[in-house]
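The structure's right below; bear with me while I get my questions together.
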Amino acid sequence: MTRIRAAVIGATGYTGAELARTLHQHPHVDLIHLTSRSQVHQPYADTYGQFRDLIDLVCEEEDVTQLADTADVLFMALPHGHAAQKTTAALLEKTRVIDLGADFRLQNKDDYDTWYAMTHPQPALLPQAVYGLAEWHRGAIRQARLIANPGCYPTCSLLAALPLLKEKIITPEIIIDAKSGVTGAGRALNLAVHFTECNESLKAYALGNHRHIPEIEQGLRMFGKATASITFTPHLIPMNRGILATLYAPLAGDFNTQDIQAVFERYYKTEPFIRLLPPGVSPETRWVKGSNFCDIGFHLDSRNRRVILVSAIDNLGKGAAGQAIQNMNLLFGLPETTGLMSVPLFP
Amino acid sequence: MTRIRAAVIGATGYTGAELARTLHQHPHVDLIHLTSRSQVHQPYADTYGQFRDLIDLVCEEEDVTQLADTADVLFMALPHGHAAQKTTAALLEKTRVIDLGADFRLQNKDDYDTWYAMTHPQPALLPQAVYGLAEWHRGAIRQARLIANPGCYPTCSLLAALPLLKEKIITPEIIIDAKSGVTGAGRALNLAVHFTECNESLKAYALGNHRHIPEIEQGLRMFGKATASITFTPHLIPMNRGILATLYAPLAGDFNTQDIQAVFERYYKTEPFIRLLPPGVSPETRWVKGSNFCDIGFHLDSRNRRVILVSAIDNLGKGAAGQAIQNMNLLFGLPETTGLMSVPLFP
Amino acid sequence: MTRIRAAVIGATGYTGAELARTLHQHPHVDLIHLTSRSQVHQPYADTYGQFRDLIDLVCEEEDVTQLADTADVLFMALPHGHAAQKTTAALLEKTRVIDLGADFRLQNKDDYDTWYAMTHPQPALLPQAVYGLAEWHRGAIRQARLIANPGCYPTCSLLAALPLLKEKIITPEIIIDAKSGVTGAGRALNLAVHFTECNESLKAYALGNHRHIPEIEQGLRMFGKATASITFTPHLIPMNRGILATLYAPLAGDFNTQDIQAVFERYYKTEPFIRLLPPGVSPETRWVKGSNFCDIGFHLDSRNRRVILVSAIDNLGKGAAGQAIQNMNLLFGLPETTGLMSVPLFP
Amino acid sequence: MTRIRAAVIGATGYTGAELARTLHQHPHVDLIHLTSRSQVHQPYADTYGQFRDLIDLVCEEEDVTQLADTADVLFMALPHGHAAQKTTAALLEKTRVIDLGADFRLQNKDDYDTWYAMTHPQPALLPQAVYGLAEWHRGAIRQARLIANPGCYPTCSLLAALPLLKEKIITPEIIIDAKSGVTGAGRALNLAVHFTECNESLKAYALGNHRHIPEIEQGLRMFGKATASITFTPHLIPMNRGILATLYAPLAGDFNTQDIQAVFERYYKTEPFIRLLPPGVSPETRWVKGSNFCDIGFHLDSRNRRVILVSAIDNLGKGAAGQAIQNMNLLFGLPETTGLMSVPLFP
């Protein structure tokens, strides 16, 4: 089998590091380029000591056009706005792009401009960008040149909500109370994520205006066939990795636990990365740490005719790098699980 | 001023330790007895080294009748079922009881029997037990001999919800997504709260059946004048202290942010322990750690006609020992803030 | 009693916040000024939410000359080099200065220039600066206008080593392996203290060149009457507060456990802030958190004729703000424990 | 290549779980048996949710004789005393045993009886037990039927000290100040490792009497050719995984940094699991988490003629399961790195 030559653009962020780790361990990938603005010309292992003696690449400049000469796929792990500037039609003729940022997730340019408070730099490419929620979009992903890798919160929320929504077990007035570890905030200098500032504390943030709201609503519409207006509240949790999303959705009819279980099994029983938990067992982020799994559980709150859905992912795994590599596997015709079945790291 | 002689029954739990700390620092209290089953006859400071050279009491047996001979008030910090067995009409003639457990919180014996899966040991005393949510029940508390100190989740939830519910700004179909530090689970041996098991992880628990559900609903009814059926999901967070409750409530009419702010100010502006945060500022548990404060913020989710309420307390402070001592101050005619205004400990 | 009017210069660092907390609770102090470069003209409680509704001061500029008109004492909590620039003979005629930084700790100007890699801005004041290790320097402190508050590691190390060294139970070839929580690194923006970077990890740092080395050696010389050359290795621990120092010192003669215990009791039995632990009990930082205590234990390693000393402090308490206020009490003729006997906060 | 059939005895402890994870991912191993006393007949994934859908084994009883019928190698991860009772000459004829407990580490039965306070159950087997410090004992390991896998602290300490000791760069009066994450304490119910009890704190423990002392001294003698009497102080750190050992050793002569570096390179340059850090870079446990690496750095403290050595391992990896599988690879003639080169998990 030919090997895939991969480059990571923006390798010194946490998502970049998780891409590097997973790509390095992938049996059919050669990781050939890592770029960084802050660490250019420095050995990558000087930034991330875990790679010492394992990855000897030196950080390169972000010249994507040149990198595309040798790379079969570029993973972009950049702040929003940057990937859209770098990605052009010409670039996409030379290579494939998997963007882990937000630039190509929203299909409607106006949504982007509104929620990201800037003019989208490359709206002409939006129609060909494929939203990479692998379990719900495989066919399109396989044909894509440009993949918009879903956000961490949308991945965790959509995977839990979609089967019940699509089957009209629940109505779309969903409330999502999500909790994330601190890596979700990225690696830019920021007092708010200093150890002392978030250790031993807990807060909600971005009430009512988090940028993942339009992305989740778009996903519910695209895959769940429902016009949704959600309430979404993220919280910051003093731990490194992990997202837990707790969803509250009104029952659409007179369904019982078995009905719900049956729908989930129909959709997900054969999905390798979705683990339906037995009745009464609730997801915990520790069981998915370092992996591409999404664990899902639910409780039927009969008193109030609501379903409580709980889903857990590793925000850097299924919520970013893991799903990106799952998409790469689809793009290159590999079995979808290739390089992604390592056991979550607990304790 | 005469001094109050206080005893803590069940002093080696975390609530007991916080009672001891706060009572020791109270200017009008003599802490004269500490009891413990597991550490009887041992110096209290051998269990809790923070008290070395500060409290030299030795743990005594739980003979409440005898302790009542010398104590003006007994604080009971025991597993449910125990306080109700120890508290009798005779005892209440000799002393006052502030029960930090669940035994006297539910006014309806059947609710207790159902939710706690046992027959209430002392239902005859329920009518005279006063639910000690100080901000909403001062008059009754001042006259009480037996106070049922509210649970940690109910305190945090009710203080946030009651003004808007009572003023019919919101309807009672409230969803409460609550998050607690690990001290909330107590100090009994339990693998689930070993460091390794909860560090770096996050989970929901007791989905749909947490025992604070009927207590919250009772509080909404008693003080909010509304029949409520709530959805309540607690989560375990890897930190020692603190509860953050995020409440989602439907708007009852066409109210705006100023309307909501005005109601909160009307109810709470002069409350010494409730801190209304400025618009756009969201509570964080670190700001209330070690204190009796409850910080409250809100966001009007106009898109979905919901109010998001966020409140933070220290589960051992306002959620247990702090509120108990606030109640003691009311019982004994002291200014309510006596001994309770120390600055929260951050960092 | 006249009240002490206090100002904190550099109030938005962690040491500044701990000073504010402790001064606010001090029965004889009026906290009248807080300064900050980054937050000037902003309410202090906007930076540190724990003070909301408790301290309503607004951050002022660092004009110490003007502040000295109204303040009886200035606490300086600034990066090294700054306090020495601000402190002048004229200033010291108007007010007293307690410097929590490093500028006046080393009595020898050359040591300062060497270890801090800069020319001391105010060497003429060094002779009148009094090293504020309260338990060992009370007489001089009471007469001082300018106090050099000891560093956190030196405080923890010296209090443990001095009695045995002065009594020649141990020789001065001491190895100090110290461990500190992350607040010790301060609050300046710094990737190395981001949550994700130090959580779930552990490292030694500044091997062989930490600036507290000459300070510890000076203290051993001043108070222990011994010329010492120490090996000192600090480590960064994933927790907010606390220092634990483990010292390894050669036995100077044929002494046993009782001899060592007797020396410690002779020196420290009546010291209010030093708690000698019973034989076999080892200090833990949780027992001193939020307090001015220093807990000390030891083990005689007879096999190797060494004494292992272990001491624990709160780096922000006895290691900074607590000791500074202890010094203030001495300066102003108050009982040394005034405002400093609150119970350590555990859990 | 024939596959190795492996069994883990005591699979529900943390070491057992790490063995299961690593063996499951090993390309030449079939993990066929997992035993547990507490969870017998329960699916293993019910205890450790990370294995859901990955390992479907059910916990079996600890009948090692029967398990040996089908297993080529038994990994024993049991409390001390247990493996020695189960391991017999007859068992060793049927299968190979890698004991991760302490029973076969000390070659001298009397040392065992003294330090473990019990009579060794199987002293006749001690002569054939091979101490499995792979980098220093490969030849013997390859021939063994019974391997005593080294303790976590000894592994970390010996790997750092041995080259310099053997080459007489340092003398054997070594002080080891070691720090371990909480998984090192195991998974048995124990209040001292409850989250609340060790979070946000730090302590030394087992001063002067930790059972790894004789094991380290034996290793220094066996491989370093020096009679050593060490001072060893372990500390408990609030994190899950990782050991950092800081060693203080007297220089034996007039050596400089280059001399030391040269010795380390001579011994370790080709060792796949030992990573010598560049001068000035100090090990951090986060760089080795989840791996079999040992990172080593040093500082020459010329002022005091001491070498400070710092080494970091994952206590469950190189300190337990990783090293055990490295030994298994040697036993079965596989390349030593097989299945062990995954990237450490950071963040």
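Going in written order, the chains are labelled A, B, C and D, and every chain counts its residues from 1.
Simple rule for what comes next: a residue touches a chain if its C-beta (ideal position, glycine included) is under 8 Å from a C-beta of that chain, and two chains touch if they have at least 3 such contacts.
Computed from a predicted model, the values in this text were never measured in an experiment.
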item	value
Joint neighbours of chain D and chain C, given as chain labels	A, B
Farthest-lying chain, centroid of Cα atoms versus that of chain C	A
B-D or A-D, whichever has more C-beta pairs in contact	A-D
Whole-Å separation of chain centres (CA-atom averages), chain A against chain B	39
Approximate Å spacing (C-alpha centroids) for the pair chain A, chain D	36
Geometric centre distance via CA averages, chain D-chain B, whole Å	46
Shared-contact residues (touching 2 or more other chains) in chain A	14, 183, 196-197, 199-200, 238-241, 284, 286, 289, 347
Contacting residues of chain C [partner chain D, same complex]	173, 175, 177, 179, 181, 196-197, 199-205, 207-208, 229-231, 233, 235, 237-242, 244, 246, 248, 282-286, 289, 299-301, 303-304, 306, 308, 310, 312, 347
Chain C partner contacts - residues on chain B that touch it in the complex	14, 17, 21, 24-25, 48-54, 183, 200, 240-241, 275, 277, 281, 284, 286-291, 295, 316, 341-347
Touching residues (chain side chain A, partner chain C) in the complex	14, 182-183, 187, 189-191, 193-200, 238-240
